[in-house]
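The structure under discussion is supplied below as structure tokens; questions concerning it will follow.
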Amino acid sequence: MNQADLTARCLDAALSVILEKETELAYLDSVAGDGDHGAGMARGFRAVVASGAGSSTAGEVLAKAGMAFSNAAGGSSGALVGMYLMTLGMNLSGEITRAAQLHTALLKAQEAVMKLGKSQAGDKTLLDTLVPFTTAYGEAASAGASLTAAWLSALGAARAGMESTRDMISKRGRSAVLKERSLGTQDPGATSVYYVLQAAGDVLQSHCPQ
Amino acid sequence: MNQADLTARCLDAALSVILEKETELAYLDSVAGDGDHGAGMARGFRAVVASGAGSSTAGEVLAKAGMAFSNAAGGSSGALVGMYLMTLGMNLSGEITRAAQLHTALLKAQEAVMKLGKSQAGDKTLLDTLVPFTTAYGEAASAGASLTAAWLSALGAARAGMESTRDMISKRGRSAVLKERSLGTQDPGATSVYYVLQAAGDVLQSHCPQ
Amino acid sequence: MTKVFNNPLDFREQMLDGFTAAYSRTIERIRDASGVMVRGGPTAGKVAVLIGGGGGHYPLFGGLVGKGFATGAVMGEIFTSPSAEQCYRCAKAVDGGAGIVFAYGNYSGDVMNFSMATMRLKLEGLDVRQVLVTDDVASSTDVDSRRGVAGDFFVFKVLGASAWRGDSLDTVEALGRRANAMTRSFGVAFGGCTVPGQGQPLFTVAPDQMELGLGLHGEPGVETSKLLTAQEVSGLLVDKLLSDIPRGAGTRAAVLVNGLGATKYEELFVLYSDMHRRLSAAGIETYKPIVGELATSLNMEGCSLTLMWLDKELQALVDAPAETPAWTNY
Amino acid sequence: MTKVFNNPLDFREQMLDGFTAAYSRTIERIRDASGVMVRGGPTAGKVAVLIGGGGGHYPLFGGLVGKGFATGAVMGEIFTSPSAEQCYRCAKAVDGGAGIVFAYGNYSGDVMNFSMATMRLKLEGLDVRQVLVTDDVASSTDVDSRRGVAGDFFVFKVLGASAWRGDSLDTVEALGRRANAMTRSFGVAFGGCTVPGQGQPLFTVAPDQMELGLGLHGEPGVETSKLLTAQEVSGLLVDKLLSDIPRGAGTRAAVLVNGLGATKYEELFVLYSDMHRRLSAAGIETYKPIVGELATSLNMEGCSLTLMWLDKELQALVDAPAETPAWTNY
């Protein structure tokens, strides 16, 4: 399977897992937010999958996906996840031959989100999943792991990051207003991003296990 | 006790019993109507009691009560019960010496209600309590019973009349629209009127037992 | 659930007080009565239109008082007709010497109280006419026995506009009757409402059900159905009204999609999307549709469709300028 | 509970369709975008005011589009900011060549999406300004971090009136910022709301409790209290706003008592009765109070008080004529 198709498969898997978890995500967002996170992520990935065909590189697939996502989803997560996918795609040109190439792109995408959201790890957002994931991926990649191996090994850090949001006080987004009231519930964005990373990992593992 | 005071006592007792039954009356009216019958009767009798002083005959007390009731209560029952009390009062001049005098007045009052409401016994209204009550009172009175005795003996017919509304289909008032849906519930107006007649009977029995 | 009140016994008076305080630029309180009238009182020589009924239906009734609309409104307790005495007092206050039209929905309490006031006013030599609104097709097959629901809005608008432009009492009355004869409504409910201070709603509807042919006063509907989709509700309401087109109706109709309180604007627009298609497909020209809350039932969940079939004159009266607390057009 | 819908996925589109069908006399759909604009499109040479945000807040946002008010509105899914792409497309459609003001409540999603659209439009050479509404005193002690709630209404009215009379982009923007700086709101909630197709409300409030400092999007309040009487609620809201009077405020304020959807007009009037007394006692002149639903949150139970402290110019802009689906004044 070529990398463009593999990337498209990862995005298909993202849609599946988001649809499966939509109610849970809606619930998490209703505790301190406005309850639309599940619907928004689903709308975004539905549009991504619908816009999928006709790209020749992984970068192109992701850049297109980012635009489709952001336009369809709306909301904070539409802007942020859309920006993430788009930046990731624009920083991946041609064939990816080394795991480190992806690390550079992951870092750029993460920075774009930080800039757009004026936020950082610890603010109880999706960055609390993304930042530790990217760090762990980078470490594994520099230690010589393959892309798939590095990705899979970084999921543990992503999960721990996601779970850590439960004990954080929200500093960004709608829920920030609620301060202490946001304690005790996992951040919806951190949760959905973890599910997506995990679903992509499953695809990589079965189609590109090297 | 003079007849004006006795009449005022009956009206005080009416207020007490209506306040006690207000929730039940509201419930009965909510089944097929708009739920305001308890509140309306309470408003009416509160105004009656507040307007009570300064009359020298039973007729004057009742006529005043009717005006106060109708103005304060509003709604169908405000108009009808107000009209009833007023007509009753206007048809009682001076001292009541014979039970039959009251029967004439009760008949006139009942006719006034029928005319205003364009209704008759069997329509599932307060007339289903009033009409058998008045008939039974009249019979007892012509048979020589005292006012109090006639009144008390007529309560059984009033009660039976009230209970018969449970199996009637409403032909008048808001609930008429619901047709068969009004079956199975006692008419609120028939119920409140029975409570009032009964409360007045208690007053007559204890203050004027002859 | 009604949550904002003090002592329920003071609810009507405090409501009237707040209403008058807020909209003193348009209306004023009628002294010693439960009602309001156009600011500055009636215009001498013009017919007065006095609308009224129970509370809990805002903008009915006070919200529709003002230039080009009703001259005054007599306002009862929640869901309770105002008393004859209050109707009388308010009529005296709005009288401009050219006659009075009482206009209200056809409910037995209102009929009795307004009729008693009419008798008293006539004894005093005033010329009083009564125009009853009977738009609710669900409430009876006999047109004259029907209840008045959201159609009040159109009938009152026609009466008010006619009176305001200086028509005679006969003309105002006749136009009001024509407006009513040309107006039809049908409604559904998804949940009941609670009167201030009462713990229980007036009726409840199971989450997967709905009531057809509801009233405006928290009365349950005449029939229960399973919960329908917006398109099905639209089909039901449109079909009901198209199967009961009044004689003499043309093909143009003023439209009101009315929310009862807790069925909100977005839902009403989704509903109207389908209604518009159906009405157009039936060859009906929808004239200046109104989608909003013009006749509520506290926070009842439900909605209705009203059509007033227009001729040139009714249309001109719908279009005539008006300025009230709840309705302005120019 | 939201009950009237078909497939929840089509809700926004069907809502927009019905809205446009109903009010085609005032507004029109923006082609290929999730928004509406004043009928006939922008006026060349006039500043365009594009308001927008998530759905579920009618008359925000489309209901306030029309002559004298917003030039257009970009409308997102229920409670979800429109995407940057939609903001961009709607901006292009309303552009009259004299610059564009984006005006919206301060929520992170809206800020991100409108800001991305702004960047893109600026790259194309358009002059775009952003005016964020930050009236909710409950949401932060830092004024600039506050959310926008019902104050949207006044800020948009000022912007729209200024643009409509032909002010320059700098002036429109400056007046919009001044309106926002002079506007304060505080709200309470008694119950949550349900997004179409979801079985559970976004939050629930115990029957004997209430939430203080709620948002407009079904977010729970910042604090829970026992259920208060109308007078106590009034005291709370008035005190909050009087303890946070902006610098430079005079003694006259435009007033909006806003219902969130299921707290109805009669309750709001009972509330205003007490508010009016308190505001008057504090020496404040209430200017043309508005009591109604101008910024809803589906069928949420709750209400808020908004004051916009007036100077001569803001007052003139509040008074300026406007005609939109949900608001008309002359």
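Order of writing sets the labels: A, B, C and D. Residues in every chain begin at 1.
Throughout what follows, contacts are C-beta pairs under 8 Å (C-beta built on N, C-alpha and C of every residue); 3 or more make two chains touch, one makes a residue touch a chain.
Values in this document were obtained by computation on a predicted structure and should not be read as measured data.
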- Query: Where centres are the averaged C-alpha coordinates, which chain has the largest centre distance to chain B?
  - Reply: A
- Message: Please tell me the distance, in whole Å, between the geometric centres of chain A and chain C computed from their C-alpha atoms.
- Response: 54
- Query: If you average the CA atoms of chain B and of chain C, how far apart do the two points sit, in angstrom?
  - Reply: 32
- Message: Taking the mean of the C-alpha atoms as each chain's centre, how many Å separate chain A from chain B?
- Response: 74
- Item | Residue list for chain B, restricted to those that touch at least two other chains | none
- Query: What are the residue numbers in chain C that touch two or more other chains?
  - Reply: 78
- Message: How are the chains arranged in terms of who touches whom: line, ring, star, complete or other?
- Response: line
- Could you please write down every pair of chains that are in touch? A-D, B-C, C-D
- chain D residues within the chain C interface of the complex: 1-6, 11, 14-19, 21-23, 25, 55-56, 58-59, 63, 78, 190-191, 196, 207, 210, 227, 229-231, 233, 255, 257, 261-276, 288-293, 296, 298-299, 301, 303, 323, 326, 328-330
- Mind pulling up the chain A residues that touch chain D in the complex? 26-27, 30-36, 39-40, 43, 67, 70-80, 82-83, 116-117, 172-179, 181
- Can you list the residues on chain D that touch chain A in the complex? 8, 54, 76-86, 107-109, 112-113, 116, 138-140, 147, 195, 198, 200, 202-203, 213, 215, 217-220, 222
